[in-house]
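The structure under discussion appears below in the form of structure tokens.
For clarity, chains are labelled A, B, C and D in written order, and residue numbers in each chain start from 1.
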Amino acid sequence: MKSFASDNYAGVMPEIMQALQKANDQHARSYGADELTQNTIKLFKEVFGADVAVYFVFNGTGANVLSISSTTQSYNSVLCADISHIYNDESSAPETFTGCRFFPLPSNINGKLDVATVKERLIRKGDIHYPQTKLLSLTQTTEYGTVYSADEIKALTELAHDNGLYVHVDGSRFFNAAASLGCGLKEISTDCGIDILSLGGTKAGMMFGEAVVVFNKALNEHIAYKHKQVIQLASKTRFIAAQFDAMLRNELWQKSALHSNKMAQLLYRELLKHAEVKMTRPVQANVVFATIPIEWNEPLQEKFPFYVWKDPTNEVRLMCAFDTTEEDIALFAGAIENIKK
Amino acid sequence: MKSFASDNYAGVMPEIMQALQKANDQHARSYGADELTQNTIKLFKEVFGADVAVYFVFNGTGANVLSISSTTQSYNSVLCADISHIYNDESSAPETFTGCRFFPLPSNINGKLDVATVKERLIRKGDIHYPQTKLLSLTQTTEYGTVYSADEIKALTELAHDNGLYVHVDGSRFFNAAASLGCGLKEISTDCGIDILSLGGTKAGMMFGEAVVVFNKALNEHIAYKHKQVIQLASKTRFIAAQFDAMLRNELWQKSALHSNKMAQLLYRELLKHAEVKMTRPVQANVVFATIPIEWNEPLQEKFPFYVWKDPTNEVRLMCAFDTTEEDIALFAGAIENIKK
Amino acid sequence: MKSFASDNYAGVMPEIMQALQKANDQHARSYGADELTQNTIKLFKEVFGADVAVYFVFNGTGANVLSISSTTQSYNSVLCADISHIYNDESSAPETFTGCRFFPLPSNINGKLDVATVKERLIRKGDIHYPQTKLLSLTQTTEYGTVYSADEIKALTELAHDNGLYVHVDGSRFFNAAASLGCGLKEISTDCGIDILSLGGTKAGMMFGEAVVVFNKALNEHIAYKHKQVIQLASKTRFIAAQFDAMLRNELWQKSALHSNKMAQLLYRELLKHAEVKMTRPVQANVVFATIPIEWNEPLQEKFPFYVWKDPTNEVRLMCAFDTTEEDIALFAGAIENIKK
Amino acid sequence: MKSFASDNYAGVMPEIMQALQKANDQHARSYGADELTQNTIKLFKEVFGADVAVYFVFNGTGANVLSISSTTQSYNSVLCADISHIYNDESSAPETFTGCRFFPLPSNINGKLDVATVKERLIRKGDIHYPQTKLLSLTQTTEYGTVYSADEIKALTELAHDNGLYVHVDGSRFFNAAASLGCGLKEISTDCGIDILSLGGTKAGMMFGEAVVVFNKALNEHIAYKHKQVIQLASKTRFIAAQFDAMLRNELWQKSALHSNKMAQLLYRELLKHAEVKMTRPVQANVVFATIPIEWNEPLQEKFPFYVWKDPTNEVRLMCAFDTTEEDIALFAGAIENIKK
């Protein structure tokens, strides 16, 4: 099966598989004390151009919960987009672990938060009755596959810092964002002054594993303890590190992200050919959002599973992965032609 | 490096690596909805001889927290051995997630709980001031590498059930226990009436992954939701399932556990040769506990890292893994001879 | 000082003080096992016309948290009005205690939730990624001092129950609601099928104390334990019970609520005289919302503290209490006249 | 009924009742912003001879949970006596709120912790797998009614501080301790360097209310927010403040504590007359622990309820309150004589 359901339907990049094989040699210290893990952390420092701390975790929810729990007290609140993954798709893990309230902010048509929206919610500082806002969480790429520019992130970060908030970026598709902007990882993290990043690996073609990257040294006091406490410390950490090492060392992340982004563009152009299809969001990374005739769903989904995003308008989400091929797109395009016959 | 520090210093069994390779084919539904995961769950039902529910998780703490959180309300308390992993080595993850109190019970010299000890702590039922005891958590093999017999588990389970408690088994080395007893997995779980099991994979030679096996159908109401909530749901679940499939389908677990148990016996016999060494616990699975002269530590640990368990007596823990070889034991024995020269 | 800031600026009704004096006799069993508490619970059963369970608590947040924690699992979500007290004014106590997510629903101009709004949010049932919605929390009277009719509550309760949700009513001013509707407490609780009620005492003229009234017997399994666990069990419970006994036995609640409601009407009529003042919400209970000229704030607040509710329009909240007098209103009216001179 | 069950069976001291009456005058700012509360806090500063912060709470569990939650992160552990109230009688409120693990330390025959016992448990600092110990919680008077001397507290505090721990004193009967030692409140708190105190009011003769007294200014950062978050902020705070004002201003606490302590001595002397009775703990404050013939329980408890503390030996706890009279003791003594006839 090939699908446009999610990039987590895809498997593992061959280069990652090789890295795992290679890491499977002899004994190594557990819980991240091994050489491979330590070297990979050094590589992160190079790539991000800063003395970052790095914590490898199992999955995206783990990365987000560790990030939130390291930047808040239990009486705090967090600002996030109403459509964000942490607000809609991580059960109540964020609350259960951190005790915080999550305030959903209206995102714009492109799924982004802007300065004015955030500003409006910076209220009641010092009022003990109100869960004190301490964190702004952004998603890069957004749930709509759009990309914050470095300037947009800088502006939001400046606003946040001016008001005593930390900034977290949920970057489960951070590689796609950087590829889309044609920049490195540093330019949209370190250089923008964000405090902490959930850097996604799984959706980019890893077997499992994400990394929490800490830019703000003030966060180092508690996070190593929280790492274990939020159940995100792998005993055989080297097998997460090895995957990130492969991703970062050989620009494999770019190979993966540029490809899946390109496939989305291809798919976009195919869909443009059909008057029945209406594009609903800008295609900036590896996903296409569009409304299609509802009667197309069944015949298309039979061969190429995908999600209907919004029911009444039949807005669908078509996600490309590192292993989506031009042939897959062509087959999908053909299936549409077939329906219209 | 080879080490006797922990079986989680070891890497991945070659058969497991092959299974991972094989699973890396095409797209598959995420979050456990894929065929491979579903088939592996069927295999669990066969192996355990019961209509069990199975939840694949990332690590041992995850398995334990999911088990505890599915058997308790936040006003409950849990009985566990004073030396247990959940009480000493999982940070405060159990409390933070479940809200429960954990009462440590004195374990005997072999690291086990007995009926009398548990009975004594079954107090204040219905007293709202006291966190109501709802769960008994056993460890199999124990932290001292000893093994509860089926009869011992049955007796404890009967006592627990008679008093309205559930029984959880933390089985991070459950395979070693079954191998030690020369029985299947079913005989010390299903047949003993336990309610829920953390079945370890990582220490047996998997890359990552454990399974929560639910025997008591009353626990099925909440656990699927808790699975996601406690951050233990892998998006590419097939890569955990594939490893368990390999472990269970071809009796690979027996190969792994029988071997590491045998290596511990070999090591035990080597150590017995030295009058300076005193065995402190029965060697029933894949670990040897013994007191050794403190001046041996440094020269031995240089080549073969291991943990000092108790400081004043210099009791050390020597753990064998699936990949410990007779040659490793011989080298270790040789290193002792060298010291004594 | 007299104020229109909040009914919790007021002190204690003389009848309540007498009840406290009377209760202060000899020793009595603690934690609610005393006769007075038991008799007061019987009185609740009469007043509510049902075999309710009653838990006396310290304050409104305590009543709400106990109610929520008794109707949810930690992976659940709660629907509440965006302007509700539990969402804005109880810190993150609800999350910290229950682990749940709270989804704010847009309230209408009168501060109420309607069936269509709730219906729209009943989504993703059975989806483990989404915090499963289990509770609808209404506020009676609303934060705008408006009152849900029995029919409105019934419609919302029916919708909730049809979808497997419980219904909680945050009734910190429940007496005012019943007085406004000219009915008893039973007609807008028992008769509407709600599951659990936070019945407010403090704002009505008690010194401290609220009651959680449980209508749905399915909730009785855990709540007594939760009562202690959420730190809401008073050792000398008789002194809360005595106050409620006085409130309910002699229709003292009606005296209090009818009076404060009446004072709000009086105030409303005074304000109507001024073209500069615009009423912003219907006056149905003991509070008036209106926009006034911003330059009036300072001279008025000097003598009669009140809250500005919304900044840009200078909407103010003027709350009446059991001890607001016609003279207070007259003085306030006079102060306005003074300003306009 | 008069009882020796608990000092919380007693009612309210007449002086306290008068203070409540007096405080019930006009409107006052809520949530502690009123003059009476502010003045009472000033009085605390005088009495404790230090620039303490004071947070009024509803009950003892609330005081303890607020104290613990203000001195810990969720990955911390707390050391407390195995017989302590927070470990045995506050449900799992401490865990649910704070996330921390509580390690019970063996108390000596008098219910106290000593330096050696605490020292032994100061382990695994910096080990992320182990919940990091951050707080030592003492109980004054202990659950056995014994009293830590200033020197004992100083020694424990010094040990704790040397190891990076805070010191909390659960002083639900702190007044009795000071009265027993013949000193002020300052000598066994400020002067000993403790960080935070739960100062009990209810058991001393208040209607409800305790105070958290903060000595260590480092704790001031979060505690005001936690105060609200742990549901311990009273809207009409003046009615707790008024009671403490009465207690502290006129040495009423001494009147209460000296009297109840004296009654315990009287009771002790009466019991000494009977060879069947064996004193089990030193009588230093307002409680007597003794083993009595089991057949005495029923006839005595009929008129004077009390608790059996330990079953097999029939050790009973006889607690005196501010309103225990010499006549009560005489009647109790007479009842014993009657049984023995």
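The rule is simple: a contact is a pair of C-beta atoms (placed from the backbone, for glycine too) under 8 Å apart; a residue touches a chain by one contact, two chains touch by 3 or more.
Remember, it's a predicted structure, so these values are computed and weren't measured experimentally.
Using CA-based centroids throughout, the chain positioned farthest away from subunit A is D.
Across B-D and A-D, it is B-D that has more C-beta pairs touching. Averaged C-alpha coordinates give centres for subunit A and subunit D that are 50 Å from one another. One inter-chain figure worth recording: subunit A and subunit B are separated by 33 Å, centre to centre, where each centre is the mean of the chain's CA atoms.
Centroids of subunit B and subunit D (each the mean of its C-alpha atoms) stand 42 Å apart. Looking at subunit A, one finds that residues 74-75, 90-92, 96, 128-129, 225, 228-229, 233 touch two or more other chains.
Those residues of subunit B whose C-beta lies close enough to touch subunit A in the complex are 1-3, 5-6, 8-12, 17, 20-21, 23-30, 58-62, 65, 90-93, 96-97, 202-203, 207-208, 225, 228-236, 239, 305, 321, 323.
On the subunit C side of its complex with subunit B, the touching residues are 31, 69, 73-75, 128-129, 132, 222, 224-229, 233.
For subunit D in complex with subunit B, the residues that touch the partner chain are 74-77, 88-92, 95-96, 99-102, 104, 128-131.
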